[in-house]
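Okay, got some structures for you below.
In the two assemblies presented below, subunit A is common to both, partnered first by subunit B and then by subunit C.
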Partner chain A sequence: MAEFKLKLRRYNPETGEAPYWQEHTVELEPHRSVLEAILQAKNNEDGSIGVRCSCKAAICGSCGVRVNGKPGLACHTHLDAALASAKDGETIVVEPMGNMPVIKDLIVDMDAVHWKKIQRVTPWLVNREPVPEREYIVPRESMVDVTQSMACIQCGACVSDCLSMEVDPLFIGPAALAKSYRFVGDPRDDMQQVRLKDLSEDPHGIYDCTHCFKCIEACPKGVAPMSQIMRLRRIAGNDHHIVDRNNGDRHERAFVSLIRDHGLLWEAELLPRSYGGDSWFGKFHPHAGKELLSSLPAITKALLRGKVTPMGALKPHDIPAKDLEQVQRIYKTVEEREERVEFNLYISGKDEDLLPSSTATEEASA
Partner chain B sequence: MKVAYWPGCVSRGFTPELHGSMEKVAPLLDIELVPLDRACCTGAGVIAEHSQELADSLNARTFALAQQVAGADLMMNICSTCQGAQGECQERLDASAEYRAHINENLAPEGLEYQAGIANKNFLWVLVEEIGLDNLKSMVKRPLTDLRVGPFYGCYIVRPTDRLGINAENPRDTYLEQVIETLGGTTVEYAGSQKCCGFPVITMNKQASLKQAGTHLADAQDADADCLVTPCPLCHLNLDLQQPLAGPVVGRSLQMPVLHLPQLVGLALGLSPKELGLNKHVVKPTAVVDWSTSVVGAVGAGAGGW
Partner chain C sequence: MPEVDDAKLHEDEQRLKEIIERPKTGRRVSEIKDELGTTMNQYVAVYREEEGLQKAHEVVRRLKEEAKTAYVDDQGTVFNQDVLGAVELGYMLDCSEAIVVAAIERKESRGAQFRVDYPDRNDEEWQKHIDISRNGDDVPHVSYSPVTITQWEPEERKY
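Let's look at the complex of A and B:
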């Protein structure tokens, strides 16, 4: 048994009073969970503490909270680990998740945010016609491919810390977008094109993700929502040729071809092409002109301060011709493939994980 | 020490003062830079979004070129985004001999091959893990006394923690604070230090992008920071170049200088603001420069046109 100091954020919006902190000391084995510590405090000291839980085994997804500022499952966070990440070295701080309104103490309103967004992406399979008399036969690989997104337990930890959602609450968000990949990647679904078109064109859809890795870090189940979003983008642009009004596809294409043509990024061309289209003429497109005009204050300042010189910005940066040829040959090899080669660690694992453990330790000590 | 040096694209394009200041600072720290002139862009995550195989092949090529640099201790970059984008490719390449062989086939026509396990470190990690903070401290000529600095990491260098090797032994997500303190400055705590600058969505959702930049800058301003420091040139673009646009979006008047990491180190090692290209920033680093001018005056080095 050991003593742990717990600091909980208490708040009941119904009372009209401001949130406050409350400290408790609990006695538990260090391998016990933060959830058990909260429940002990609730049972022994203050029955009014609001916390949601059910399975206590990282399955139901109901106990999402922030422990020392990081989102996760209270039942899946050991006390010793929580203590190790305590900012002051001794107090385990537990708060409700972010990006969702608090109902009471550690309980947030998942309906108002998380579930609404899940509903937004048509979270069910729309049968491909004709429906076979018996079962659909699908290749094993395509089901393996969607297992990662199927591992989601709807805990909302990723939603809690999503940095795009923080500034744009309408963003569909990591959990719902991972959910939509679950169907886009399923060969039995009949709506792939429609789903992708919808998610690309929505200004709060797949191109609204700021690529911050927060959801990957937050997820207790290895779903890596951001990686699923990137796959949605890849399939939308490469396979379905969806050119969205958010410049998402144009930006990606402009970036990829600038590196093919120059080896290094040529920023002065990237912006206008992202708005106007992926060619040298892109910058003359009316959209590009409008964007450049609205960026004028920043650009003029940069010029005045000698940060970008007109010549420097107008000239592409290139790598030596021989190396550019190599880069272009690699582009050609990859782009000519009929099937995309992808390697997903979640599914394949690492070589060393496959070694029997004795060999692994021997190698490490060798 | 000798490093295979990957400067990145932006550090030679829109933020030339970054590459420039790194070149000035390196000899003072006894780092020999061997630039990887033949390598191409890491793809900054965008090429990987388009095609994983393409990104992995291009970065494997860069790693292979770095492994050919005779006598180099490791590969070094000066960009959080390069670190993250390269790290992601390296994780896949190192995980599976079969996949690595497949990617190496794409390099074979030119006789290049990537061998698993390259050490690739951002300048920030090199400072703490290779040069060492005690050593760094002994080189400080002009301690950043009274300079209040807000760290701004950039997403790619703090997440995901396991891929980036952030753990109790190497708390790489605290290195900026440690470096600031070692150089004699004061770390300013504010909400945004490990959040996103907004750059990745600047062309897709400009409002959201500028709101991110503006919020962090305003938070730092409210915490009385004199400046921010970042190891990422893309963050620098959104925080400095776009600052005149970010202020109105969050309804604030912003005046927050943003320094590149080698610039901050350079100031403490005695280089003048101008040598470090501080005059190239959109937001004039007045607070920083007033401060160093007075100190520069004290040690008799010219402040060069300020």
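Let's look at the complex of A and C:
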């Protein structure tokens, strides 16, 4: 048994008062969870503490909270680990999740945000017509591909800390987009192109993600929502050639081609290339000009903060020729592949174990 | 949806109000819940015997009395899990009493009940259901009903 200092963020909408902090000391074994600590404080000291929970085993997804500023499941965070990450070295701070309105104490309104967004992505399988008379036998590999997104328990931890959603509350967000990949990646679904077109053209869709990795860090189940969003983009852009009106696809291609051509990102060329494409001609397209003009504030800011210099606008960063060659070799290797390799981190380890031993050795020596 | 009876609704509202307004003189709801859990786990798990079951019965009866004055901290109307806990405690106590009474009643071992004092299965006397019904707020009422044997004939369990 050890003593732990717990600091809870309390809020009661009925008093009309601002949220406040409340401290409790609990006595539990260090391997017990933060949820057990909250429940001990609730049972022994203040029954009015509001916290959602059910299974205490990281499978129901009810107890999503922030522990020392990091989102996760209270039942999946050990007290000793929480103490180790305490900012002052002794107080475990528990707050409600972010990006969602707080109903009371640690309870947030999942309906108003998370579930609305899940509903947005048509979270069910749309069957091929005519519906087959017998069961549809799905190839094993394609199910492996969607397993990661299926592991989601809807706890909201990724939604809590999505930086894009903080700026744009309408962003469909990591959980719902991961959910949509579950169907986009399913060979039985008849709506792959429609779904992707919809998610690309939505100004709050797949191109709203900024690759900040927060959702991957947050997820207690290893779903890696950002990776699912990147898969959606690859299928939308590479397989269906969807060029969206948000310029997301072209912007991404501009990054890729700039690194290929110069080895480093050429910031000054990024916007022109995103709008105008890979040629000088494209930049003089009236549409590109208009969009460039609308980006002037961003460009001015970049100049003021030293992200772009006037000289930098004229020529790209210097990089030794042999280094550039190495960068371009990577491109060559990747682009010469016949098939795009989708690496499923979630079960890749187990998958290899299942390969017949001869194949495994071949791959290892290759 | 069946129509909600206004009188019943009013009665339930009063019941919640009564819980919320209880003075803080009795025990905490969580304390009673904890004692109930510990008792049931100790005496009414798989291995059971008369003495322990009688003890458990006494405790449950006492806790039922104490639950009537158990107080809650949360007086609010938003997400009041405290008052929900108090309501659920009543159901838990009812279920616990039914379990204990039936366990005392069944003087044999069968399925998940292993009576240390009656280790054998006794089909002759006990191949029947024990039905426990709520008898107002007083002691539960015990009755029996016959077992319908379908596909599987009962036989001795051997591992």
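Rule of thumb we're sticking to: the second predicted complex is superposed on the first by the 290 of 366 C-alpha atoms of A that agree within 3 Å, B and C clash if a C-alpha of one lies under 4 Å from a C-alpha of the other, contacts with A are read in each partner's own complex, and residues count from 1 in each chain.
In this text, contacts are C-beta pairs under 8 Å (C-beta built on N, C-alpha and C of every residue); 3 or more make two chains touch, one makes a residue touch a chain.
This one's a predicted model, so the numbers in the text were calculated from it and none came from an experiment.
When the shared chain is aligned, subunit B comes close enough to touch A:230, but subunit C does not. Within the superposed three-chain model, A:103 lies in touch with subunit C and out of touch with subunit B [touch as defined at top]. Shared-chain residue A:259: touches subunit B; no touch with subunit C.
Look at A:47: by the touch rule set out above, it reaches subunit C but stays clear of subunit B. When the shared chain is aligned, subunit B comes close enough to touch A:267, but subunit C does not. In the overlay built on the shared chain, the residue A:342 is in contact with subunit B alone; subunit C does not reach it. Shared-chain residue A:208: touches subunit B; no touch with subunit C.
Of the two partner chains placed by superposition, only subunit C is touched by A:13; subunit B is not. Set side by side, subunit B and subunit C differ in how many residues of subunit A they touch, and the one touching more is B.
Against subunit B, the residues of subunit A that register as touching in their complex are 84, 163-164, 166-168, 171, 203, 207-214, 216-217, 230, 233-234, 237-238, 246-248, 251-253, 255-256, 259, 263-268, 271, 274-275, 294-295, 297-298, 301-302, 305-308, 312-313, 317, 319-320, 323-324, 326-327, 329-331, 333-335, 337, 340-343, 345, 348-351.
The touching residues of subunit B, when paired with subunit A in their complex, are 9-10, 12-17, 37-41, 43-54, 56-58, 61, 84, 91-92, 94-97, 99, 102, 106-107, 109-110, 155-156, 159-161, 168, 195-196, 198, 200-201, 203-205, 207-209, 211-212, 215, 241-245, 279-282, 284. Residue ranges on subunit C touching subunit A, taken from their complex, read 28-31, 34, 72-82, 85. The part of subunit A that touches subunit C in the complex is made up of residues 12-14, 42-44, 46-48, 50-51, 103-104, 107.
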